[in-house]
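Following are the structures in question.
After this come two complexes, each holding chain A, first together with chain B and then together with chain C.
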Partner chain A sequence: MEKRRKWKYLSLCIPAFLLIVIFMIVPLGNAVKVSFYKWNGYSQKMKWIGLENYGSIFTDKVFGRSMMNTFIYGFGSTLFQNIAGLSAALFVNKQFKGRNLVRLILYMPIMISGVIMGAIQYYIFNYDNGVLNNLLNLFGIGNIYWMESGIGSVFIITLINSWQAMGFCMLIYLAGLQNIPKMYEEAALLDGTSRRQIFFKIDLPLLMPAITTAVITNLIGGFKLYDIIVTLTNGGPNRKSLSLSYYISLLYFNDEKAGYSAAVGIALFVIIFIVAVPINQYLRSREVEY
Partner chain B sequence: MLKKKWATTTMAFCLAANTVLMAACGGSASTQETKGADQAEGNQEGTKTEQTGTQGQGAASDFSGRTIEIATYLSGDTLNAYKQVIADFESETGVKVTLDEYGEDYESTMKTRMASNDLPDIFETHGWSLIRYKEYLADLSGEPWASQLNKAALGVIQDTDGKLYTLMTTGSCLGTAVNMNVCEKAGVDPWAIDTWEDFNAACEKIKEAGFTPIANYFTSAGALANANGSWLSYEGAQFNDNEAMLNGTWDWADFKTILDYLQTWFDNGYLYADCGTIKQADAIERCARNECAFIVGIGTSYQTAVTAQNPDVVMAMIPICASQKGGARFCGIGEGASFGIWKDTKEMDVCKAFLNYVSENADGINSAAGEISTLPCQTSKSYGMGLMEEMESHYPNVFYDNLWDRKYMPSGMWGVFQVAAGMFCEDQSEEGKQEVIDYLRENYTDLYEASQE
Partner chain C sequence: MKTEKSGKVQMARVYAPNKKVGWGVYVISGFLILLYLMPIYVMLNQSFRYITDLTPRLYLPEKWTLDNYIQAFHDPNLLNGFKNSIVYVVEVCALEVFLGGLAAYGLARSGGKVSSALRTFNICVMMIPSLSLLVGTYSLMVKFHMINKIWALSLQTAAIGMAGTMFFYTSFIVSIPKDLDQAAAIDGAGILRTFFQIILPQLKPVTVTRLIMIAVGTWNNYAMPTYLLTNTNKATVILTVRKAFYTAYGSVQNVPLACAECAVALAPVILLYLLLQQYIIEGQLDSVSK
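Moving on, here comes the complex of A and B:
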């Protein structure tokens, strides 16, 4: 009977399993296969070149720069989003008039797609006639070329992505805060603990599941950042603000190097795996129950 | 109890199966919705386009119940004009047309479909009918409209063996766009510009008058690719590297001359400070505000867009400059709205009937595109045609050729030039220029070898 029930439940997983196989496992296998070929992405002919594409990764300066950018987008965005998201959650967790409106306003940016957000920000940071420069001109400050350098562009992209996704973090932390039983805080207050100590000794440890979810989600989202970069900087100047995701797309569709693009895609997969799994393990090990 | 378990199990299974079905069906449902919306939009918007010919000329046979799929990258008024032609064809023949509007993703999507050998019945070739899409296209040289295409079109789409693979309804004429208002205020006569030396002298006057001489942006390959024939390929050019370029032996050493010239634009302050990050939309906007004078190597759709933003701006076109006195003044001709038929389509007769219909009703498309006419049915003079004729009145010996990178470079080089433009914009030192040349050479060799396989 137990075995029968087990098979019954397993059979309900078949549709989800099929979706994972069709939309994740098969494309991944195909990408691995293509990475061993020289192919322009549309011809019916492919040429076997073995590990040559993987070897090119180590000599490709653009790959190196894109990987650095990807780490900045991943870790930088995660840091800003979680600090801002937690701060916002602590703020909107209190009772005050207009709390729901504030929550809505803080959450709204995430409802805009990344492509649209990049396009909007392009007209804010534009050198000539951009909103920000027009505001500075009112104070007698000349135009600033915000996206002149790769560093500047990467910083701006990280900030915009952090601001946009902060609302998502806020929701996760808000749910986490509201799940903490009030009795711990009340007991601590009775014992004469300060608010600061309550936050670091009680709230934060009990928020670890929420922190794990937020950090891992933000990290993977940051590593895969694509849409904002397309419309804001198009990877420029001179491909210096590219993320690995966008570089993969450019290699395939622009440069007609589908085999090399697949190899870079596998490299990104490995990088995300190597980074995300240990962080996930570490954060889960820090979860506590009182 | 058992009944309850069965009910729960059945419900759970149905929910899971429904999830799979909805994921699978979501695509086709939206395609049909798009098709329906397109048809409605086409019928409503069609009245806005200029059509001097009788609507619905050249009605084809009855193909009731047949369906064809068409993919396009057109947008705006040109797309609306095309949809009107499609709607008229549908009403006359009973054919159902599914129109895929891929927009800016057109090239990427088509490459993916080519890889899986699953192409639409009809698709736009956007300048690549001979170099990229030929192996997937049907030969259309026997069609009635093929003999009616003018020389500007045939020079671009006809293969060396006389075959052609696309119906070119409009052509893109690429030269140097001129803002006549700015030139007038700066005291510059653009029609007197012959060589790049004359061009720089004009830029100097424009700069002294307080305008930005050149609006070229280095986020596009055009800055580095479109004018190259002036130095490398045409009559009276400084070099003649055509044969080496076409047989894959070109060493790119002569390209340094072009980079040295382009460096003068940076050194003399002829460009916008943010030319390394702006896009075409920014250049159009600034030209419409009468802030800049020239943009080198651009099609007539640019002038159309500028005048659409500000009808008071007077735009013109001059041919690409000669690299030395006596050299040919040329304009590049590219495929505008051009449609080919997938050679493995199951609806070849319907597709050919559709192209015949388009060839006889292309006036609206031509007017909306603002490009140059290629077929005799196009009786209304488009804005682009007007620019071209005005240019020819000042330069009767202007020479027309296919777009330089499409004729002399392997497929994929446009993307390489785009990267190289960014590299050059950032660093115009001798080392920077050598890096650009090395990058172009390496990719050219790679792509040429791939094209020969």
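Moving on, here comes the complex of A and C:
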């Protein structure tokens, strides 16, 4: 009887998992299959070439560059967002009038589509009549070509992504800070501990669960970055600011290399897996019970 | 919950050594607000200009005009885009909340090896970048004539988000006492009826938060819709706005019109955010502390 009930409960999962299997697992299997073929994406002809697509990953300079960018988007955004998010959380955790307004506005960009954000930011970082250059002109500094080089573009994309999604980290840390029992801090203050010591010895270790959530979410988000790049640089100059996600779509629809595109897709999944799982394990092991 | 929070606030007031807030806090707040409202300002500033207005983008328009908005509202593509986006968002929300919630209930209540294996599977699925599935999804959808069908895109989007929704709901359902289910079972309610009449109402506050997050994410979704909805008639708002900027790059540089369309497309999201801020921010805070 008990067992029958258990299977009844499990049967409730069927529709949801059916959807996942049809729209994620089957396409993933299909992508693995396509990655062994040379195919332009629409013709009937598919030529089996074995592991050649995976081999060309290692010789493709654009792939190397895009992978490096993807790492910068992932780790760079994670670093910026966590530092900024923790600072913002400490800031809005203070008691002052208007703190809710600050919190509200800092979280707002998350609601805005990355594509639209990139399109607007383009007019801020633009060389000709961009808002940032307008501001610099006020101080007598001439126009700067912000997105002239690949490195500059990658840095600006990372910065904008961090700026936009920082509110998420802020909320996670804010929740973490509010969950720390006040008595620890009181006890430490009575013992004459300094504010800085309290932060590093009490708050930070107790924030570890929040740090795990924030770091993993930011990492995966940064590794999947796509939207902002489309409208801000369109992968330019000369495909130097591509992320792997964007490279996949270009390979498929512009270069008509469906097989290679599928191989890059599988590589991206593997990279995310290899990076995120150990970091997650490490961070979890640092969490303390209290 | 309320009393607990105000208790914390009072304690913070008593023990915080520097309870007087200096003007520095307001300077920082002002700076942060400016930094975060900058893109909105740039967008609105552009949208009220004539196309011939070349004053620096930092400053207000030379001559104000509403023409761009009038033109935007007369653009059949934009209105059609709104219709498509609303259909898309409603479908995805319904699918994810009902199927995801139901599956989460099944997973949380059945327990055992199968359930925990499915949960691990879910976590792995959450790491699959959606662009890795591009080749697999697109070629299969072409084969089964599912391109330019909003329902097909909705199913795909819901499938991508399903694992996350299940993960989110499971943690809340675990905290609902099992006695409730048993009482319902004794009264002769089946599992489905128990879910819809007992469990779902209990989950109302977190469902609101989750619904908002799904709705915003779906509304802003870009990568898959671009490739799966190629017909202008089927384009979502974001796709339409993106196109407005795209033509702006090429032949006629009508940035003001694109910005006006952008403002119209953003308005519902920002409005929703301001109206439902307590559900979004407090809801996020609560779901994180789980």
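Note that the second predicted complex is superposed on the first by the 285 of 290 C-alpha atoms of A that agree within 3 Å, B and C clash if a C-alpha of one lies under 4 Å from a C-alpha of the other, contacts with A are read in each partner's own complex, and residues count from 1 in each chain.
Just so we're on the same page, a contact is a pair of C-beta atoms (placed from the backbone, for glycine too) under 8 Å apart; a residue touches a chain by one contact, two chains touch by 3 or more.
Since we're looking at a predicted model, the values are computed, not measured.
Applying the stated clash criterion after superposition on chain A shows that chain B and chain C collide. Touch criterion met: A:Ala16 reaches chain B and chain C at once.
Once the two complexes are laid over each other on the shared chain, residue contacts for A:Lys8 go to chain B and to chain C alike.
Touch criterion met: A:Pro237 reaches chain B, while chain C stays clear of it. In the superposition on chain A, A:Gly41 makes contact with both chain B and chain C.
Contact with chain B, but none with chain C, is seen for A:Met147 once the two complexes are overlaid on the shared chain. Once the two complexes are laid over each other on the shared chain, residue contacts for A:Ala262 go to chain C alone; chain B is not touched.
More residues of chain A are touched by C (comparison of chain B with chain C).
Within the superposed three-chain model, A:Leu174 lies in touch with chain C and out of touch with chain B [touch as defined at top].
Contacts of A:Phe253 after superposition on the shared chain: both chain B and chain C are touched.
Of all the stretches 9-17, 63-71, 243-251 or 279-287 given for chain C, the clashing one with respect to chain B is 243-251. For the contact definition in use here, the residues of chain A common to its chain B contact set and its chain C contact set are 8, 11-12, 15-16, 19, 41-42, 129, 249, 252-253, 258.
Note for the complex: chain A touches chain B at residues 8, 11-12, 14-16, 18-19, 38, 40-45, 47, 126-129, 143, 145, 147-148, 233-234, 236-239, 249-250, 252-256, 258. Contact residues on chain B toward chain A in their complex (touch as defined above): 9, 12-13, 16-17, 19-20, 23, 107-108, 110-112, 114-115, 117, 132, 135, 219, 272-274, 276-279, 282, 285-286, 411-412, 415-416, 418-419, 422-423, 425-426, 443, 447, 450, 453. For chain A in complex with chain C, the residues that touch the partner chain are 6-13, 15-17, 19-20, 22-24, 26-31, 34, 41-42, 88, 91, 94-96, 98-99, 101-109, 111-117, 119-121, 123-124, 129-131, 134-135, 137-138, 163, 168, 171-172, 174-176, 178-179, 182, 185-186, 189, 195, 210, 213, 220, 223-224, 226-227, 230-231, 244-246, 248-249, 252-253, 258, 261-262, 265-266, 268-269, 272-273, 276.
Of all residues in chain C, those touching chain A in their complex are 5, 8-9, 11-13, 15-17, 19, 21, 25-26, 28-29, 32-33, 35-39, 42-43, 46, 54, 56-59, 95, 99-100, 102-103, 105-107, 109-112, 114-115, 118, 124-125, 127-140, 142, 155-156, 158-160, 162-163, 166, 191-192, 195, 216, 219-220, 222-223, 227, 238, 241-242, 245, 255, 258-259, 262, 265-266, 269-270, 272-274, 277, 280-281, 284-286, 288-289.
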